[in-house]
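Scroll down for the structure; my scribbles are underneath it.
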Amino acid sequence: MSPSSTVAPVVCLGCGCGCDDLSISVSGGRIVDLAPPCPLARAWFGDGTVPAAILRASQPATLDAALADAADVLAAARGRVLVVLAPDISTQAQQAALTLADVLLAAVDTATSEPAAAGLLAAQRRGRAAATLGEIRNRADVLLFWGVDPTPRYPRYVSRYAIEPVGTHVPAGRAGRTVISVAIGADRGPAEADVTITLAPDDEVAALSVMRAAAMGNTLGELPAALAPVAEAATRLVNARYAVVVHDAEPGNEPRRDPYRAEGLIALAQALNGPTRAALSSLRAGGNRSGAEAVLTWQTGYPMAVTYRYGAPRYTPASRGIGWAVAGGAAAILVVGAAASLGSTLTDVAGRTPVVVVGPRATEAPFPARVAIDTGVAGIHEGGTAYRMDDVPLPLRPPLPGQRSAAETVSALLTAVRARGTRP
Amino acid sequence: MSAPDRLRIAGGTVYDPANGVDGEIRDVCIEGGRIVERLPADAPTLDAKGMVVMPGGVDIHAHFASSSCNHARRLAPDEHAADPAPAPALSEGEGPPRSGTGGTVPSTFTTGYRYAGLGYTTAFDAAVAPLTARHSHSELDDTPCVDGGIFVLMGNDEYLLRQIEAGERDRARDYAAWLLQATGAYAIKIVNPGGVEAWKTGQRNVSGLDDPIGGRSVTPRAILETLADAANALRLPHPVHIHCNNLGVAGNYATTLASMEALAGRRAHFTHIQFHSYGGGGGQPWSSAASRIIEYVNAHPEVSTDVGQVMFGPAMTITADAPVEYLLHKSSGRRWTNIDVELETGCGIVPLTYKDKAAVSALQWAIGLELFLLSTDPWRVVLSTDHPNGGSFLAYPALIELLMDRSVRDERLKQVNPKLLAGSALADGLAREYTLGEIAIITRAGPARLLGLTHKGHLGPGADADVTIYSRDPDIAKMFSTPRYVVKSGAVIVEEGQLRRAPAGRRLHVAPGYDQTVLRDLRRHFDRYSTVAFDNYPVRDVPGEPVAIA
Amino acid sequence: MSGLLARLTSPLAAPADFSAVLAGGWTGSPAAELATRPVEIAGAGTVPLGDLCSVSGEPDGTIRFEGDFRRAVRLGAGLSEGMVVVDGTAGDEVGLGMAGGAIEVRGDAGARTGAAAIEARRGMTGGELVVHGSVGDGAGALMRRGLLAAGGAVGHHAGAGMLAGTIVAFGPLGPSAGLWSKRGSLVALGAVTIPSTYRYACTYQPIHLRLLFTRLRERYRLPVEERHVSGRYRRYSGDLADLGKGEILEWTAE
Amino acid sequence: MNLRGAFIEDTFAEAFTMRVARIIITARSPRWAREAALKLTGFATSVIGCKVEAGIERVLAESETPDARPGISILLLTMSKDDMAKRLIERIGQTVLTCPTTACYDGLPEAPDRVGVGSALRFFGDGFQASKVIGGERFWRIPVMEGEFLVQEKFGMVKGVGGGNFLILARSADAALASAEAAADAMAGQPGIILPFPGGVVRSGSKVGSRRIKSMIASTNDAFCPTLRAVADSALPESVNSVLEIVINGIDANAITRAMRLGIDAACREGVVSISAGNYGGKLGPHHFHLRRIMAESAA
């Protein structure tokens, strides 16, 4: 039994907060404790054990044989391959996966949720006013939580970034901040708010519009009673030194979401920069999802939904890759990353289309895979870089190194595919 | 076929201004990635008879590998869709060639390929927020063909402002040294000193060198002095790289002159001075103050500049000077991204089109040309478009043509809106035409010298074997946009105008020494205010050894 | 009408993307050439139009689509010329980002009729899109120029982010009409809920509507009534959450 | 050649190429269309002094106007395209924009040559103006106190003919006037023409230049002034004691020919000695309207 040790500071990819101050206690090749005791971090790190198997047609196989088979499958399907950048891999693994996608003339999809995708598209139309998380910590004196209480899904957002901390320009910490909570249907705001507003889902975009009109200094007629409190909140935002609007870019509890919500939030935060300074903080899930979007952007110009099928990247946000595969368009699928996140999406497709999975717990994928190669998890077993929800890149300091590397495995797969000839 | 270890570029007309060679027919010998004195007679030969041979181009100031650039890429899917860039047909044995997209901010691989296709073999990203340096290095990993690095943003950073406020200039210097190393950067970049912090506080901007910043007793002047002194004391190869206050504001030439005077006697590089050479303001229309600025530069050998020429067409303004971008957004109505970067700096992005029929665009274009044409020392007034702010780096050949051919310039001048050109020396007819030797200075030898890159920008023995070979063409723009051969670190990467190899570039960064006692204070600062742990902050795996400090 | 005729030979089994059929130039193309244009069928890849439709007739700048095109999406997307008639009901995203020419749908049309492609910053930049029946949600989003008219109801979020142009609803106009419109007009001849960020200006007779109605009646046979032509309209300015130079013109019996 | 006792001289009217625009004014009632039209066409007899020649072409029924309201069409003629743009902007701006309930449209939609009018007048809207493209044409909506003024962005123009004419040589001033009135009445409302002078009639025919003052462009046509018969080189037969001229501007030569035929036919009545026409020997204007040819075709 190996002696116990502590690794710190470690980045947690359990959510998009990307807290990088964790101390991980390791003993006997397992994680035995961590601090601070964030529930999401506990779930993310677990005891750090992951399978390290390789399966080919559900049978154990050698790495070489699995790579050879995977390469055969992928090379044969060149031009009709879907590459999924699934979560929990490093930026370096994502870079390697995109190289492979380019060589395979593949379509690429990411774990970007539909609400998050709507936000990306809206930001392409309008730009956006944002800030890194530390700027919220250091400057925000009025915070508007738009249908989100961060605590369940982003447990340390409130203590590390938004409400509680002392900042360079908020020396009084919590006492120096006004917190406005807006509940929208089933999406509640934080309990510790100073002001609470409740909106029906049908009113949320109208409410954003009313606030934006106020930020622009436009006078409106008499408002319906449901929107009057929002106008008051707008006054607080306008009078802030540094206003921050926080929302969850991932699916929430409220099923009825206005498709224009993301754009409304972006537009409001931009407009608030007329009378004051303001930023929109978009809460994003973890697992280096933001990294996938960053790498895709620098390699292709587009943050998601790209296809290399036509010889150069083309943007296809209207028909995302997984949808294309589900509809039968793909002849082979390569999942790089944690397949568990794909849930049942690929179950039907995997029955008729060969799927290769390289990533954490690949051999436990919730669908039949032609080839599954387990790797370590980024940030637990594998180093490299991962991105926080605010696009700040963080170095991964794996507390349990030694698992098969996703980045290296994908590179090996690339070599095998190239050996099969990739020129038409 | 792998790249030959040895290569004789035979019989070309060589322009190597750093070594006093101005259009002489001679051989350039390469061995082991370096220029050598001579080679055995049986060494492989590249026949360059009748061709023009120059060192590889060196871009002293561009924006192509940063978190900000990536935000800008996201903002322009339409540009990418209009400019797909299929993978080049590289030679067998090369790594997989990569497809990408162009537009004003091309994807990384495409950026590297296009730089190489232009005969540029070294380039620096001139504005990287320290917090995102790791991102820049990742992008540079995916930007082949060019050696390069990053300039790290300082001058609006909380820690520095606190040191200046406390009179701790030595600690500020040590901090600068630490930050350069922590970010794997090559030089210190100042953008709108204090103005970005002012923007973030709600003060919105500073208007001159002596404005207090965000209620502190720190001024832009103090920031300039502190960092210029730090860079010089640390003996950095490149002095502090300054984007002055009041960029793009009518009448800003006065601020620019005041900044130059504030640092008189100190080595300093003032970047994209075109954007800082405007007269007018205070109710007066915009006008050119190029001659005022260039007179100062001509007379002060410690000052160096790049021009930041505006070229007509689409551009993407990307800058840490976030308050400027807000104003640009309001005046143009175009989309706008702003990212406040904690404790350090800002980032603003607005797509823009410079139209020759727009009076201000035409003035900016003319001012840039005036600066070039009135410069008496090409070694200190080098070429840039502040890519992609004033135009794409792909516009360099067109710019070179404007400098070399007065008739082209005059023709173009006739097509632009003349409304604000009264008082512009260009409108009065500047006859100067740059020679090939001078072009070699402003595009390679000069930038390399200003950057302190002793192995770049020349063809003397020991230099990096980065060579660009052009077929002579009466169409100057065409000649410079399609080099016949490009040699990078001794390997022929462009053959007959086609990119055939795409080696990874070398990372150029510095690691000046400093008093480590600053670390304890810094750690305290990080623990209190930063959301990134002090131990996670430095980029630990910057490839390549730091450039030696003389 | 003579001209070209595309008659569906068998029902569409899956959603089929027609965006490549009429984008760019087509009016000069003979039937045989049009029959080769690609239609992407969800999951089944790309087939030539001729596999789905019999294409006949002589080019004269018009084409008629006959059959059940409910599963056809993006019919007439990017249209820049000519007259397109869909004899029955069309699917989603008819006339997406069209730039010119005219589309007349004799039945209903689906969601995002005449809207912008989701990655685009502009929707229709010109032309006329007339639907005799109802139109789905998100119609005319980001319209830059042009005319979208529906003989029936129009869904929610019509004209969202409009830069200019005109949307006319003979039936009820759904909620969030004109959201964040900069300029442009929504003309509501039926019921409409005015968003909170639009402000009432006056009740008057906008003369330009008379021109518009004349055109809709004469060219497209829409059911324009005298009360529409000579009636009075309540003008609301908005969206005041944006530039505020747009309007909703609500017909009133007052 | 004689027509009802009037001698048709073997001569021709010599006319010039001018730019013609047609504008359509509509209003809530015929009254306000007419008020605007009268103001707009006021003081527009001759380019020599008015820079533009204008007149009401005809009254339009509701079914004939773009917005299905009562309307009036007007022709304006100038010597150049630039002049036309200026005149349209100043006249529409001063007389139609100001007039209650009116709107103003281009009446030559097919003309490829177009000048911006609404595009200039829109600035009166001080940023509150809005435009609409309907059927491929852009219109400007300019807010005014009454409501909105709608004006088309561009107006077409074609090369037309100015200065078509004939002269009525009569025994007495009464006979000349009665003849001219009859001619003008017969020609009124004919499509494609206007009679730019008061009531369609001119008494002050002119000759080119002046005998005395170099700078004058035109001076009285002494050869046709009955009072000068004894002292000038007169062109008038002994029996003629008064001459009146009808000047016709048109959208093309055919329109003028048709109108002249009607006008001359009506003019030939009791007391008219002969019908003549003004020309400069055929050297100045490209359009020649031969009186006998016109009237012969009429007979045929």
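Read from first to last, the chains carry the letters A, B, C and D; within each, the first residue is number 1.
Going forward, contacts are C-beta pairs under 8 Å (C-beta built on N, C-alpha and C of every residue); 3 or more make two chains touch, one makes a residue touch a chain.
It should be emphasised that the depicted structure is a prediction, and the values quoted were computed from it without experimental measurement.
Novice: Among all chains, whose Cα centre is located farthest from the one for chain A?
Specialist: Relative to chain A, the chain with the farthest C-alpha centre is D.
Novice: If you average the Cα atoms of chain A and of chain B to get two centres, how far apart are those centres in Å?
Specialist: From the centre of chain A to the centre of chain B is 33 Å.
Novice: Mind checking the centre-to-centre distance between chain A and chain C? Centres are C-alpha means, answer in whole Å.
Specialist: Distance between chain centres: 36 Å.
Novice: List the centre-to-centre spacing of chain C and chain D in whole Å, with centres computed as mean CA coordinates.
Specialist: Taking the mean C-alpha position of each chain, the two centres sit 45 Å apart.
Novice: Take the average of all CA coordinates in chain B, do the same for chain C, and state the distance between these two points in whole angstrom.
Specialist: 48
Novice: Where in chain A do residues touch two or more of the other chains?
Specialist: Within chain A, the residues that touch at least two other chains are 124-125, 315.
Novice: Please output the residue numbers of chain D that touch at least 2 other chains, ranges allowed.
Specialist: Expected reply: no residues.
Novice: Among the residues of chain C, pick out those that touch two or more other chains and give their numbers.
Specialist: 119, 121
Novice: Touching pairs of chains, all of them, please.
Specialist: Every touching chain pair, ordered by label, is A-B, A-C, B-C, C-D.
Novice: For chain A, which residues are in contact with chain B within the complex?
Specialist: Against chain B, chain A makes touches at 8-9, 11, 20-21, 91, 95, 99, 102-103, 120, 123-135, 137-139, 160-161, 166-169, 241-242, 270, 273, 276-277, 279, 294-295, 297-303, 308, 310-315, 385, 391-395, 397, 414, 418, 422.
Novice: Which part of chain C faces chain B closely enough to touch in the complex?
Specialist: 119-121
Novice: Would you tell me which residues of chain B are touching chain C in their complex?
Specialist: Result: residues 77-78, 335 of chain B touch chain C.
Novice: Give the list of chain C residues in touch with chain D in this complex.
Specialist: These residues of chain C touch chain D: 126, 145-147, 164-166, 183, 185, 202, 204-208, 210-212, 214-215, 219, 229, 245, 247.
Novice: Which stretch or stretches of chain D touch chain C in the complex?
Specialist: 66-69, 103, 128, 130-135, 139, 141, 147-148, 150
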